[in-house]
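Following this line, the structures themselves.
In the two complexes below, chain A is the common chain; its partner is chain B in one and chain C in the other.
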Partner chain A sequence: MVQTAPVSAQPFATTAPASPARRPGNFRRFLPAYLMCAPTIILFLVFMVFPIFFVIYTSMLNWDGIGSVLSAEFTGLDNYQRLLTDEIWWRAVRNTVLYATLKVLIELPLALLIALVLNSGLRGVVVFRTIAFLPVITSIAVVSLAFTFFFSPIGPTGGAFNTVLIDLGWLDRPIAWLGERDTAFWTVTGVAIWHDLGINMVFFLAALQTVPRDLYDAAMVDGAGAWQRFRNITIPTIRPLTAVILTLSLSGSLKVFDYFAVMTGGGPNFSTTTMVLYMFRYTSFGGGGLGGSQTTPAVGYGSSIAIGLGLVIFAFILVQQWINRLQDRG
Partner chain B sequence: MATISEERPRTLDYQVPDTSQSVLMTTLKRSWLTGRYLILALYLAICIYPFIWMLATSLRTARGAFEAGTSLWVADPQWSNYVDIWNSANIPRAAINTVLITAVCMILTIVTTSMTAYAVSRSDFPGRRVIMLALVTTLLIPGEMLIIPTFYVNRSLNLIGDWKSLIAVILVMTAGAQVFNIYLLLSHFLTIPRDLFDSAEIDGESYFGAYWRIAFPLITPALATVTLLTFMGIWNAYLIPLVYLAPLPDFQTLTIALIQYSKQYQTLYQIMAAGAVITLIPIMVVFIFLQRYFIRGLTEGATKG
Partner chain C sequence: MPTDGSTPSRVSRRSVLKGSAAVAGAAAIASHGPRVHRAAAQDTVTVRWMSNQRHDRAAKEELFAQFAESDAAVLPDGRRITVEMNIFADEYADQLKLAFESGNAPDIYNMNAPRQEVAAGWPEPADAWLAANPDVEASFLPGAFVANRGIYGGQKYGLPMYAQTMRLYYNRRLFTEAGLDPARPPATHSEMRAFAKQITESSGGAAYGLILGDKFPWVWWMNAAVPAMGTGSYYFDWSTGRYNYNAPGIKQALQLMIDMQTDGSITPGIHTLTDDDARQQFSFGAAGMIIGGSWNAGVFNDQFQSTEDWETAELPAPDGGLVGKFQQGIGDRYTVSAASQNKEAAWQVMKFFYSVPTMTAMYEKGMGVMAVAAANTGVSSVKGVPLLAPTPNDVIVPPEPELPTMTPDYQTIFQQAFDEGGATLDALLTDVTNRYNAALDEAIAAGTLVASDYVVADWPSQSAATPTA
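Let's look at the complex of A and B:
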């Protein structure tokens, strides 16, 4: 869950004036400060900065990832050319974007609705919030595993989900929700919404509690109805935080992996393959059992997929920030 | 800014009559009043039911697990399922690995991020802006993009294979936790007046001493947040442990061990459910006791960072 990256650079804006001019002796004077930053800087260089350049380089190689990278054949932009015409890659992009869109369109309004309910002066908010938050803190992989039984078609009426639908008379016999092309994607998305709704609910709850009480009182004196208050006070006040929630949800959803890896492994027939999952198809990671890995890994091609997915995520965040800025102005 | 108060939140007071009442508005308002309890009850049931259902499944016989349907009732609890998973999926070993990775990552993350946040917030050393700019830039780079190259970095550092892979996992996850937590801590460090450090230095406190004896205690609440978020992130991690530990039976985490087991014995639902319960219980217990800190931490992470 630590993927929730903060978005604004606020803390840095409030820092002290520009650094003093370089003088001899400065280094000695600041030696303790450098030493204290050293572990972060080293981790940063070794596991962030260098890998960025390395993945750009390997994306231009014909490399199986087993031999030395130095002896791999340099193929220029061939991998990217292949990527652009790779039908399954585009299917993975489509799946991922559809998933992220569904998450934003279904999960965020629901989260706001439940936050509004919780914020409307009920008793026992803490208990409700704790229960609603329970799915969020549980391991996605483990919960996904449990849901494979929940949606299972095995048994007289299948797992709990099939049983409910059969009892309601909507189904005659159990369906393999996670095994059919038409249902697997939607089922996994449903589980993801179930798991992540609580965190956005809590974010919205925090946003709602920043709305000044006086504003509501004043509006009521002026005769504004509940809808008008919501429309003209609540929404404008929580808008900045909503933008943050949207960015977090979007960037998190576009990186989705765990749900699909555990529940469907990307199948059947790539109908649930996501961008990250597809990247693993060309590696030997995870014992080579991921996303129907190739028998001979193609790490060079996998690297170009990594760059591709980075660009897709980057593009979405840019567009979202741009729309956000337009709205701020308008 | 927006921490959630524990008391009853400010009321939206829907009971006060509107002066501009139409029939529609009255109907809407009335259905909202009863509707909100329905929404909440339904939502909470949906949240909690799968967990209880899984708990029930973990106590069923093999036959019972297939025939249970929606039932939550278990006539004859099969505690032996827990013994089975404990013995067959290398759970004790995986539990030790998980605790080890989580603990080391937590300590390393706290030490490294708090030291950096302290130095950056206190001193205007040359290069400080470069560090901050680099941190901001990294926010735009999804960690998933770097999984392939970091694996080969670790391979070059001779950190692949058995216990060395554990070190690789710890380093990669600690590196991944840096930016977010530095942000979080920085906003707290910046609230400490610099004069406090300057006067401590006059009193003969060293640079590091001021961090350890003055700054560190002052930001304990923020450090608690970092600890909890790291705990949650590492305990639940799947992707990175999968990359490094899946091929090493003795060095897996609980999650990896359980998923690997499930791939092997696809229909032993009751045993897998027992494994899932074992994996989920520790974090649920921690959460229930510390829920307000979890929620405050996550909220703060999103709104303040």
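Let's look at the complex of A and C:
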């Protein structure tokens, strides 16, 4: 039972509104709910909000990450000024944006296509779905390492990929697919698309299964063809879920690290360096193996790269949400 | 809560909270108690040794076991010292920071970034201990303690363990099959190029003359910057305190690599290989030569267990003869932590480990070239190790400035110059020289570095270069 203090017990009862008087009671009533939410809120504050503000703060410092952050020199916006004129950073932005664009433009339509095929009542659908999903459950590091051997130029005919091309007569000598500035980026992107295709296929498959069957039946009775049914029933129905898939794919792609770290290390000559890889270069000793041996971490500058990375992702997601809203209105 | 004024008959919430807090506090204090207190009850002191070096783990364990059995492990109060090693790899820097920040610092550790760690107050100054043990300080190679290398803010920190030499490793079987004398490795740059070509041609595609793995471009330091020193070109000029990547010797060393690439004598696809991959290929007989530090002998013998007939040689000299000397490292500085609860025991472990007999055992087991001069006897039954010992052609150069991460670093520029076939060599090297000097000026202006620390008046006379033999 909710207990409220008598009005006369309040020191300013004549002027105070009635609602504050009920606050303690409300608090007590909702206490179990607050307690249940508390762990999540505390974890969110500790692991999300605090790190974000900490990174914003360190991005304005000249800090090596070893000594106390409180004794580091405050440099204001110097790191951001440097970031804006850093040619390699912009190369990393370009690489990342191109990677994300390719992933969205190639991977998502492909995933939808496979999902449509698997949703069409094909025989052996479980087998095909398993095959398509298999790469997803394999560690990215393992896949990347395996592809390093697959594309290797070492040996008389190189790895499996070079051997096949040489056997077909398309090459006369092995090519370092991951070691040439002209091919490394495209090769890694291809591997990433292959690896991540399965998860988006499963998402689309789940979305397709939400489309009511009777809509298709009614359309077929009305004489609608396969393309018309896809365009006028499937697409509008799965649009909300497609927006979610697109957001996840876009934000994941803009944060890409592991494929490039394992297969190319960001090289040669920064041709495959992504935004996260570039941040890693500054926040680890010796550039995390990506830089020279006579280097010390520049965590302050690395933090400004992290903020830059966050802003780029934020901008892309905003644009994408805006487009979604426009489509919804249209 | 009773309202009739009687004593509460049950435990109140407040008393439960108070009790819980007291128990938790007591438990925290008990668990936080220094290890030495618990150890004291057992008449032993455990010294925790933290490192990122895995290659010498077995050798160290064996030596520490000997130490534990010896009288050297007994403290004046009669307690015995045992050493517990914690080895980390890539995550070492993070683990070390975590250990110090959580109040769980090791007693002895390998310094990762000496200047920054000294500023953070992690290491214990070694001055008093070295003054009490003058024989230990005198045993090190020259250059072990100079400003910005072992001396920071006028105090000495850490004792260097290794002093690696740079060497050429070559495959005697491939030399023989190519019609070359397996007892005569290339002595000059021209010979190196010719031998590499001969090995590549004679192997019919099964092997290449030279291999390097520059997926991470730092390897250009050992494949171009160090070989260039034989011409007298050092990328940092201590006579002026300025960088000079555009020195003739550096161009000559890079041109040699470009020429070997043009000949088809370098393994294709080196940008996809790490240094480890390249060493593996060499271990399996896929390359005739590889340049690397003295640490490679252990890698070929133990890590890859090579069955190839490989041997160690000095780096080839420029065609006109050797003018300068090849850089020898001195580092892996182990120190007692300022936060250690067992400093006396830790220094006793250090005294044992840095003694000439222990250091000699490390060298002869093939762990590398040691920073204690007398340890590098040149005698070892381990393959490739005898010729790793420093010669008059090796030199420990003065410290060079520590700049923050440079992008692109000079090693990446060397890689780019190599890829572009030399046409852009001058422009690239001039640009990188200017950028490094600008960063140096900035560090000096900010007070991070002191310009005069990096100027050696009589450089490059060999007295300034602190010859090692």
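Throughout what follows, the second predicted complex is superposed on the first by the 281 of 330 C-alpha atoms of A that agree within 3 Å, B and C clash if a C-alpha of one lies under 4 Å from a C-alpha of the other, contacts with A are read in each partner's own complex, and residues count from 1 in each chain.
As a working rule, a contact is a pair of C-beta atoms (placed from the backbone, for glycine too) under 8 Å apart; a residue touches a chain by one contact, two chains touch by 3 or more.
Owing to the predicted nature of the structure, the values given are computational and were not obtained by experimental measurement.
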Task = Quick one: classify A:T101 as touching chain B (first), chain C (second), both or neither.
result = neither
Task = Using the superposition on chain A described above, determine whether A:S152 touches chain B (first), chain C (second), both, or neither.
result = both
Request  = Would you check which partner chain A:L241 touches, where first means chain B only, second means chain C only, and both and neither mean what they say?
outcome  = first
Note = Larger residue footprint on chain A, choosing between chain B and chain C, goes to B
Query = So, A:Q327: does it touch chain B (first), chain C (second), both, or neither?
reply = neither
Message = A:V262 in the overlay: touching chain B, chain C, both, or neither? Say first, second, both or neither.
response = first
Task = Would you check which partner chain A:F54 touches, where first means chain B only, second means chain C only, and both and neither mean what they say?
result = first
Query = Between chain B and chain C, which residues of chain A are contacted by each of them?
reply = 65, 148, 152, 154-156, 158, 285-287, 289-290
Remark   = chain A contacts chain C in the complex at 62, 64-68, 73, 86, 88, 148, 151-156, 158, 173-174, 176, 178-181, 184, 264-265, 267-270, 281-282, 284-287, 289-298, 301
Inquiry  = Applying the document's contact rule, which stretches of chain C touch chain A when the two form their complex?
reply    = 93, 97, 112-113, 115-117, 119-120, 205-206, 215-218, 221, 267-274, 281, 286, 400, 402-412, 415-416, 419, 446
